[in-house]
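Pasting the structures in now, so scroll down.
In what follows, chain A forms one complex with chain B and a second complex with chain C.
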Partner chain A sequence: MAKKTMIEAIRDAHHIAMEADEKVVVFGEDVGYFGGVFRCTAGLQEKFGKARCFDAPICEGGIVGAAIGMAAYGLRPCIEIQFADYAYPAYDQIVSEAARLRHRSGGQFTAPMVIRMPTGGGIFGGQTHSQSPEALFAHVSGLKTVIPSTPYDAKGLLLASIEDNDPVIFLEPKRLYNGPFDGEHDKSIVPWSKHDDAEVPDGHYTVPLGKAKIVREGKDVTILAYGTMVHVAKKTAEDQGIDAEVIDLRTLVPLDTETIAQSVQKTGRCVVVHEATRTCGYGAELVSIVNELCFWALEAPVERVTGWDTPYPHSQEWDYFPGPKRLGAALNQIMEA
Partner chain B sequence: MSKSPRKAKITTDQKLKFYKDMLLIRRFEEKAGQLYGRGLIAGFCHLYIGQEAVVVGMQDCIGDGDQVVTGYRDHGHMLACGMDPDGVMAELTGREGGYSRGKGGSMHMFSREKNFFGGHGIVGAQVPIGTGLAFSNKYKETDRVCLTYFGDGATNQGQVYEAFNMASLWKLPVVYVIENNMYAMGTSVERHASETELFKRGISFEIEGMEVDGMDVMKVREAGMKAVEHARSGKGPMILEMKTYRYRGHSMSDPAKYRKREEVDDIRSHHDPIEGLKKQLIEAGEASEDDLKAIDKDIKAVVAKSVDFAQESPLPDPKELWTDVLIESEGV
Partner chain C sequence: MTDTGRSYLHVPEPSFRPGDKPTFDEMIIPQAGAVRRPPVDVHPDDIQDLARTIIRVMSSDNEAVGEWAASLTDEEALEGLKDMMRLRTMDARLLRAQRQGKTSFYMQALGEEAVACAFQKALEPGDMNFPTYRQQGLLITSGYPMTSMMNQIFSNSQDPMKGRQLGNLYSSKEHGFFSISGNLATQFVQAVGWAMASAIEGNDRVGVGWIGDGSTAEGDFHAGLVFASTYQPPCVLNIVNNQWAISTYQGIARGNAATFASKGLAFGLPSLRVDGNDYLAVHAVAKWAIERARKRLGPTLIEYVTYREGAHSTSDDPSAYRPKDEADGWPLGDPIERLKGYLIAKGVWSEDRHAQMASQIEDEVAAAQRESEAIGTLLEGDKPGPRDMFEDVYEEMPPHLREQFAQSLKEAGEG
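Moving on to the complex of A and B:
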């Protein structure tokens, strides 16, 4: 077993999936020859040839649409959209075609495919390179939506997604590619090599879709998080000395409501965090679910800590990002309630 | 009436202006690259070095009221449009004094005054927008033309062809300028395009296309005049494929390992647009080395001033986060 960055873990998953199943094909912009702008597909073309790992022109709608056709007729495409912000030109294919093929063909055809995309901010990418559009996918019936927070999970979840028989949106928090970013943007990043969750076993393993992970046990308040915010939540709980239970949802659809309900029933308090904008964000769904399942156990209203309802800013990135300060304030408030 | 100096001989003054305008872009971009290296510019920053002849030549073909729209490799277009280097540099450093008041960054700048409509980070998105600008011109019965710039990689987006069809169908005054710098990020034209002669991409829409040496400002201008006149006279769109080259990586974080060093060196030493014009000017006795050195000195001072401005301008006030989202959301 060796430590890997999230990028290396994702690359590893590709290698294993392609070795195991020749129906797996990988393509996208700059994915083949160049190995991907974030290097997640480096080495695949050399090893598996141009027929199985190749470059696509810049045409996200066409890329996703073509992958659907491939998937409907026996292949298992795992494609890359270079940034989640470029999924919008492909949104029609994702929603109207990939997500709906199974239902409207009465189960005759399906689209077993994975659409990987780097998500979230933290690199001063401004409004077209920083968004967190997970709610736009989670809202669509017929799609699964996955978002890892560690190299270990990234590999296991990606393998599970590729093997899954439905279309999966696989969001990779780009701020976590090289290290577990905890929101302390002034400090230099701690590389994954210093982190336990970077232990990535060789060979095949999966992390099942629909199973959350308790990443920090606690008795007083439950924090529901995913992606980058998992690390922010852990760090904030530690810094504030609050006995918080931090749950990494790992998949938004299907959602592990059981783990959520058990935790909130125990703690009686819940804070929901995400980097995406607030209105109609995935947090709104989480709050509803907690209210439905745990209302009588709650000792305070569920709190939401999110990005603001603004486009992702350019120079004001850290005013937007719901970092330790905002989360800390919400935790203090809910503990006093 | 807008100017139509196509036939007129190009004067020495005009040539010197081209030289100055290209050199301003070159020096500005070099400086932006340095500031990036020093951490004063963050995020994405796509330099235009090598492609200067394209915007400078094209800009000479349009006049007041004509529009320009482009993608994210936009600094050169803005300077060519006459936007203030101070405001452009300050936007790069994300300051209040920037053209988008620190909200846009390198890829997203605009100027109502100069009719510059951005600065768009999504590849290909500006092409239908430029087409719509041209529609407005026609609707308002002005004789204005919109220059819509995009890269070779962008020509593969479906919406480009939706735009071509509408523009041709409705005879819109738009000139599509394809800046073919041979690469879309790490992917060369041969690897991304089935038809690599991109000027032919309009054939099925009955849009005439021309291939142009985009490293020669005079040739750019000549082709530009023809295309702009065509669009202005109500004949509809035209496509210009500018064969050009970017010397630097795709963005500041790109080490450009997908191409050979010699390829870059060859173009730099044999086809550089600024060196080319310099040679012409000197050989024709229209300027001396010293004249051109003096120009360079002035330009360096302008760029240095923009750097001072960009460093002195304050960061945006935190409450600026909520402004310019919707009209009614001001001052939450």
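Moving on to the complex of A and C:
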């Protein structure tokens, strides 16, 4: 078993899926000859030919719309939107079409497709290279929304998503592409090669959709996290000496409420953390679910640590990003309550 | 008054509003047979003029003339006449059913019957239409059971869409009719994607995109043209220019700045403009474009010039924005009357036989309606249940939907 970066793991998943099933096609802006601006599709066109992996016009609505038509034909498109920040021109096709096709046609037509998009901040990406729009997809019935935090999960979840018969929004935290990031932005970067979760088995395996993972066991408080914030949560718990149980949700829809409920019933406390803006963010849904399922076990109000309700800034990156300092303060506060 | 030089906003207006006497004098209509029929492998640059004229076959003397004539046998043309009559009869009955409160909503294709009916006649099984809500003629012509259409309109327990969709938003994979969405233009680029899949698979199945004049203003129209032009898949892209987008005349979508067909020229697409009320012309052009697609010669854009004779929908009153008698002045006439006139002039049809067929069709449609209403209408009879609402959101019902389904049954006192 070799260590891989998240980019290499995603690329590996593409190779395996395309070898296993000739119905899998890959396209998007710059994904063909060049291999993607983040190198996630490098080598695919050379190996599988231009009919299986190709460049697309800069037209997100067209990319998603064409993929829906292909999926209706019987292919399994795995397409890329260059940044999640640029998914909005395709939002009509995603929400009104891909998500509803099975339901509105009485099951006659389906959209087995994956829409990959790099997401999240922490990279000085400013307003349009840092957003976390997962709530906009999680809110839409008919979509599955997935976000990995490690190379191992990225490969297994992407293979599971490509094999799934429903449309999947696959959000890739670009801050984690080359190495884990715990929010300590002033320290040197640790590459994936020095991290246990970068052990990626060769060949085919899947990580099931709809299943969360306890990445740190603890008994005092539950932290619900996904994407980059999983690493921030683990680091913060260690630094604060708080015995927190950290859950990596991995799939936002369908959500693994069982794992969440079991944990919060054990700890009696819960902090939700995400990079996305607060109001109507996915955290609101998590807080609501924890309150519904665990109200009588709670010893303190459920806390949310999130990005502020502002557009993602450039120079104020680290005032915006919910790093260890802000999460640590919330953890200490909830432990005192 | 002198020009003060002050800037102003140009807002196009139709020539006629309620109370005005409508004429279509400004419309340039070539004689039937006047426009040439190029070979299907023609270079698109060599037929740019075809985007700015109107291909017509049936003359005012009820003759089929010119190079586009004779794409159909008399028998096939008669079938086409019957298809159009069945569609018009069904439309009239369902319009009445909506007024009687048996359903919430209906949309007619009055005056546009030739476009969908003749196009479908040129397709083969395995091809796929991506229609709008006004191409019911595709289903009629492909032999889809009328009772199934009515079950969808009435949202009863036999509705193939299980009561989930507003009336007219049909779907039949078997009949090459993609699921209709309420969101305009989305299907235009999906048709191109479907055709790209056909090309990727090495097949010659043809994808057909449909869009109205108003919806060409949507971004997905542009996306469809770009993708069709870039990847050259086997597709035909159809624009039905019926002059009106609800209350908005086609000039607002810039049908006056250039013909809708000519919008394909910058993309290097062969672009044709055809008399949409001429069944024979529509069929001939459809056949040409489909043959091109199937021979891997690339996509074609076609504009059908027609007129929306009826209201936009049962929720619309056109007398509020256009002259009541505007349809009477429409210079391309009525598609059913024109095909009927042609067949009679040819001696293969007669007024008597026509009246007899009209009566047969009336009976057939009435029988279908009785059958459908016996199953149920929107408010009465056998209807889809809550399970039909929760199923098919995903392939398998996830835990949160299973919980909500159970809760809905409990709230309904059935849990």
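To be clear about the criterion, the second predicted complex is superposed on the first by the 337 of 337 C-alpha atoms of A that agree within 3 Å, B and C clash if a C-alpha of one lies under 4 Å from a C-alpha of the other, contacts with A are read in each partner's own complex, and residues count from 1 in each chain.
In the analysis below, contacts are C-beta pairs under 8 Å (C-beta built on N, C-alpha and C of every residue); 3 or more make two chains touch, one makes a residue touch a chain.
Just so it is clear, the model here is predicted, and its values are computed rather than measured.
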item	value
First (chain B), second (chain C), both or neither touched by A:P89	both
Touching partner for A:G106 - first (chain B), second (chain C), both, neither	second
Dominant contact partner of chain A by residue count, chain C or chain B	C
Touched partner set for A:G69, first chain B, second chain C, both or neither	second
Touching partner for A:G61 - first (chain B), second (chain C), both, neither	both
Partner chain(s) touched by A:S193 [first = chain B, second = chain C, both, neither]	neither
Which superposed partner A:S141 touches (first chain B, second chain C, both, neither)	second
Chain B versus chain C as contact partner of A:D319, first or second or both or neither	first
Where chain A meets both chain C and chain B, residue numbers	57, 59, 61-62, 89
Touching residues on chain B, where the partner in the complex is chain A	42-44, 93-95, 100, 102-105, 107-108, 120-124, 153-154, 156-159, 184-187, 191-193, 258, 315-316, 318, 320-322, 325
In the complex, chain A residues that touch chain B	29-30, 33-34, 37, 55-59, 61-62, 85-86, 88-89, 123-129, 308-311, 313-316, 319-320
Residues of chain A that touch chain C when the two form their complex	25, 51-52, 57, 59, 61-62, 65-70, 72-75, 89, 92-93, 96-97, 100-110, 141-142, 144, 164-166, 210, 253-255, 257
Residue ranges of chain C touching chain A (in the complex, touch as defined)	128, 130, 159-162, 164-165, 169, 171-173, 178-179, 181-183, 186, 188-201, 207, 219-220, 222-224, 226-227, 230, 391-395, 398-400
